[in-house]
Amino acid sequence: MGDTRKLAELTGPQTLEVLGDDSILVVPIGAIEHHGPHLPLVTDALTAESVATAAVSAAVAAGLDVWQLPTISVGKSDEHHWASGTLWLRAETLLDTLVDLGRSVAATPARKLVFLNGHGGNVAMLGVALREIRRHFGLMTFAMPAMRVPDEGPELGAADEEGIGIHGGWAETSIVLHLRPDLVRTDRLVRNVPAGLGAWEQLGFNGKPVAFGWLSDDFGPLGIVGDATTASADAGKRIFEHSTDEAVAALGEIDRFELPPRTRLS
Amino acid sequence: MGDTRKLAELTGPQTLEVLGDDSILVVPIGAIEHHGPHLPLVTDALTAESVATAAVSAAVAAGLDVWQLPTISVGKSDEHHWASGTLWLRAETLLDTLVDLGRSVAATPARKLVFLNGHGGNVAMLGVALREIRRHFGLMTFAMPAMRVPDEGPELGAADEEGIGIHGGWAETSIVLHLRPDLVRTDRLVRNVPAGLGAWEQLGFNGKPVAFGWLSDDFGPLGIVGDATTASADAGKRIFEHSTDEAVAALGEIDRFELPPRTRLS
Amino acid sequence: MGDTRKLAELTGPQTLEVLGDDSILVVPIGAIEHHGPHLPLVTDALTAESVATAAVSAAVAAGLDVWQLPTISVGKSDEHHWASGTLWLRAETLLDTLVDLGRSVAATPARKLVFLNGHGGNVAMLGVALREIRRHFGLMTFAMPAMRVPDEGPELGAADEEGIGIHGGWAETSIVLHLRPDLVRTDRLVRNVPAGLGAWEQLGFNGKPVAFGWLSDDFGPLGIVGDATTASADAGKRIFEHSTDEAVAALGEIDRFELPPRTRLS
Amino acid sequence: MGDTRKLAELTGPQTLEVLGDDSILVVPIGAIEHHGPHLPLVTDALTAESVATAAVSAAVAAGLDVWQLPTISVGKSDEHHWASGTLWLRAETLLDTLVDLGRSVAATPARKLVFLNGHGGNVAMLGVALREIRRHFGLMTFAMPAMRVPDEGPELGAADEEGIGIHGGWAETSIVLHLRPDLVRTDRLVRNVPAGLGAWEQLGFNGKPVAFGWLSDDFGPLGIVGDATTASADAGKRIFEHSTDEAVAALGEIDRFELPPRTRLS
Amino acid sequence: MGDTRKLAELTGPQTLEVLGDDSILVVPIGAIEHHGPHLPLVTDALTAESVATAAVSAAVAAGLDVWQLPTISVGKSDEHHWASGTLWLRAETLLDTLVDLGRSVAATPARKLVFLNGHGGNVAMLGVALREIRRHFGLMTFAMPAMRVPDEGPELGAADEEGIGIHGGWAETSIVLHLRPDLVRTDRLVRNVPAGLGAWEQLGFNGKPVAFGWLSDDFGPLGIVGDATTASADAGKRIFEHSTDEAVAALGEIDRFELPPRTRLS
Amino acid sequence: MGDTRKLAELTGPQTLEVLGDDSILVVPIGAIEHHGPHLPLVTDALTAESVATAAVSAAVAAGLDVWQLPTISVGKSDEHHWASGTLWLRAETLLDTLVDLGRSVAATPARKLVFLNGHGGNVAMLGVALREIRRHFGLMTFAMPAMRVPDEGPELGAADEEGIGIHGGWAETSIVLHLRPDLVRTDRLVRNVPAGLGAWEQLGFNGKPVAFGWLSDDFGPLGIVGDATTASADAGKRIFEHSTDEAVAALGEIDRFELPPRTRLS
């Protein structure tokens, strides 16, 4: 049990010994959802857990007091609810799950809780939960994306994605080709980039000012948006390493971040 | 009743006549919350409603089939729950309110529902609601910020805000000075820019990759983050007009945006 | 900001200055719902807000410490859920909204909260909420109808309504003809008085001992119960003024009403 | 099993035989709550069940197709939550209970559901439930008070109650003296009539236009409002018989009442 | 009121006098549900209440401080939701009901709460509620079956039930033949023992390691599992007396059982 | 991807190919909770997942069409809520999670869903969920314990546990010593067997007729009930292998078990 950084591998009383005000607890959260005919359902959970494990290890090596909690595999994937194999929580269930987790963590000595998130569909409710947990239990709460695509100048791999390779495309396929190549059906790599969707100025996916409520079959029966045909394990390796580096950098800032402690009853 | 674009000023049967598949319904949503010692509680609701009214009018003049619904004045302002005067809905209540509204709209002939949002604390739950409403009722759903600060090169007014003038600072104070100068206590303009908060690379407010769960008194007793001392009605006018222009542009894209119709029962 | 009695036009800190134990906060609550082919959807919200504004003004002039909160426009209109244009909250959502409002108000120095209600469908849940808010937050809570029809001896206008002009009939049409004549389609005034419904001794609308669960299309496709054809702006003026007078009288009693203070945590 | 009118004493398949579109199901609903030092906790449940049993019997004798369901003993008594012995459901629990009952009844051939209510604190949520059940399940729904005090000219017994003998006073004490004299502690009959409360014009208990949210200890530690000292078994007998007569009259109207059938899915 | 052990027959203040730390409150809980063509809907509620009444009486005679609360007649009978006459609470409603009851009891001086349960479908949620009530309100909580079939060596009556006479079979029919023979349709006694179901080693009803989610019409249209044709009032008498004896024995152990008191706020 | 039996490692479309009416989906469910000073928090999740993996593999080898879903690590551990390190879902959250999972699985071709449960605190709500999922979605649903202690005549290891080694005692410690000896703090093995608790006839843990609501600190500060001091890896190996064998036998019965298909909408 000596060197583990998996908190659940400790005993309860050990958590009282090893955790303190400055300890950072990291919860990987992903999804089990349709990712097209080429990627496994587990893609987002795999990515979140893999980045978390690598980042926690590196952060500890760098002297940070970081601990990893069990992965929340199933998230809010209602946009893929139509697809066989998708496991999803309703919005309320995910919020309750996150708040319950916050209540649980508040019983440990740790005060910093970080969600490392592998699924875009979780982002909004994580945003809600961060504040709920802070308000109810006084924890400092954080959420960050598991996958960070490096800025490689002309992003060759994603060249044909028109900036909207958000699900099952170049980046996700590449990272799974790196992490678990056996789980990618390379004979079925597909491309689905809805014409014109990337060209809107106001409306679009992440980063555009106008958000919209979409289901993944709004863009055709493949249920993906992106181009998997240009993915490669090499690109996946670069993405994974960059993601890990950024996560470690983020944990460093979280470690240095301070706010007045709060303790309010739920 | 001839020229109104307030949907609630029509009769029920008239909505069957004037609305169709291409009609766009705009719901302003704001907040009634503490905005420091200088700004009124109504700031966000006022901004959302004012921009909505101007944008709907301009969009209609430009030939779009746009209608305005009653403003949701009270939003999710739990970050200001500690402050007298803040009226706030819990996360679940806001989600239920938005989904109920979507259910109601689904009984009209309109298929496009837009939330024009004046309060940052509503963004996350709006993101959840967009998808809930699309999945349950088949509507096309959109959300966009009411306030859009123009990019004026060196943003003189916000110069001292270190990029984090998110609540009660230069932009909000300016826009209220423009819209309702009688509601600004210009004798109590304050500045509260937490040292260093804008300098983090990973962690921060909107736009930084690491989100965090904050309450407005985490940054001191003033309950604002920004610099109101440099605000001006002129800047407010520019912000308001830019916000309106952008909202009109967004409505134009929404008008042209098409997805296959869905009708699923709740 | 000097003379406003709109609480949301104050700053947060001002609410600490101007409010005290004896302050009375008035929340207009209405509905956006089908009112037949002649009346606007906004009828109930319009009535509640108009009476509230007039009554608050008069009460303040009479020396009472009364403040107006933003109108809750959308209420529980499930009886009109079938009609295009109706916006409605489910029962649970309305209760949560009211309780959340009570929680918010409990953070101000005021102890008296009044709902001025323009929609019959809200009455029952308001009754529930009054007690919830008192029990959870210790406020003194009140609810009263916005519209009070004066007793004019032989009620000529409502003569043909058999005492059941409860929705879209003489009184409501008259009051809108007074407040916003531009919103009444006088070319479509209709009458729908279900034969015999007023003649029951036990069973009926307000005032009869046996309540029943009705939807507005239970009484035919018009969705109203009453006679709009005899409405007039003059009658509307009398109703409006009487409603305001009664509201002021009620606020006077509320001002003098005292119960031991309670403060319980939610 | 021949003559029973207790529906629960039938077998399931028998309900298919004996019930039809015109059958009326009566659910007594009461409360188990503090009623002062002289009346039993069961007062309201006892009253509701006793009146229901007598009224169903009389209605059947008069040729109506009426059936009695099991009594809901515990209701919404949050106003007495402070008092040992009160058993109470939260508002949401009562609503869920009533809606679940409606869902259950919708699986029988009966279409008319009547709540005979012995507790004022249930009235508001019953009002909500009547409409929920009609909207969700298409049943015709009714609610009526179990206790009806006859108009005896100078109401001698209640003479000192100033019209507000709403809880534990002359009428309730009398009816229990009639139904179960062994359960009345006649050595502890008390009077608690808050000075002036009956004199308000606007504000007050049932019948006054301004409702307020009260807890029973708002009026002193006795937890009653009324005058038990003048109660008598004779008066109780008259009240009980009048209540039964009125309930039978109401069931007659309900029997003749018709609305178009609805069947909507929940 | 002298000798009653029905708590609801006391006044509120009396509960403060007669109850103490060692008092045991017994709540019978049953069901109103389809029991085949021969047994009344009330079977489970009748059994629970009858055993409770007998056991409380005997326990008091034996010197225990035991009190009976009103019966919860309607339980979680979703497995019979398809059958006319079944009245059922959804899972959430039953849990809320039980927790609300626990909250109510926590306001009395008693610390021990016992559910005497006549319906198998309630068992799981009772298990949940016992812990909820202990955790929230600090009560000591217990649940036990109302019906206990004596071990009579070769269980002649149930000989043909293959050990799975769980609903509407020999034991239930016998006990109703004993308690209320007028409610049994002896001309319609039936047998439905699904072939082979009792022969599984792993999978089966109570007692087998693998539980499964069944609805009562999974086993054919009769909606029972068991053999009513061999039932007798004599067997019912033996079962009833044994059930009562066991309940008394259980109350004796509950009386002697001690845990450290807890008081946590909900 | 060839031989995996982890469903989440397939693509969505593959699930349509490999799953059919006879496919069995196995969900391990455990807990992350205090297990005394010697066992890791992950004990129950580890046990469930390990037995599931071994059993699925063996069942597939035996020709069954069985697939493993991601483990639900966090369960209902409210009995350990007081202990640092316990992660727990509230009762409602667990029920929602299970029902959401059932809804998800209903979108695949599989019709049989099995929960392999490593934590006693999950049993009751699993029982509720099995029926909810069957009623709402028509699946055949099953739950079984992950750990099955072989009947070894005189159970030497558990000799001192008086039959109540339910948490952190001989069996659990032994199985973790077998599966992950590095996670057992063998220097802190403890014994806590509440005197007399095993001697009750009516009242007790699993198997006794009277259930009670306990928290793990009801039995002292160690938070365990059992005797870890006699645990051994050898015993753990026997328990693990027996558990796997029994799970395979159960899957065999589940494979052969048939009920009429149902499809009801939620």
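Every chain is named by a letter (A, B, C, D, E and F) in the order it is written, and numbering of its residues begins at 1.
What we mean here is this: a residue touches a chain if its C-beta (ideal position, glycine included) is under 8 Å from a C-beta of that chain, and two chains touch if they have at least 3 such contacts.
Which chain is which protein? Per UniProt: A, B, C, D, E, F = Creatininase family protein.
Owing to the predicted nature of the structure, the values given are computational and were not obtained by experimental measurement.
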Touching chain A and also chain C, the following chains: B
Far-end chain from chain D, centres as C-alpha averages: A
Whole-Å gap between the CA centroids of chain A and chain E: 48
Approximate Å spacing (C-alpha centroids) for the pair chain A, chain F: 28
In chain D, residues with contacts to at least two other chains: 81, 92
Topology of the chain contact graph, where touching chains are joined (line, ring, star, complete, other): ring
Touching residues on chain E, where the partner in the complex is chain D: 1, 6-16, 19, 32-42, 45, 69-71, 73-74, 80-90, 92-93, 96-97, 100-101, 104-105, 107-109, 180, 182-183, 185, 188, 223
Chain C residues touching chain D - in the complex, by the definition given at the top: 76, 78-79, 81, 91-92, 95, 121, 123-135, 139-145, 148, 200-203, 209-215, 218, 246, 249-250, 253-254, 257, 259-260, 262
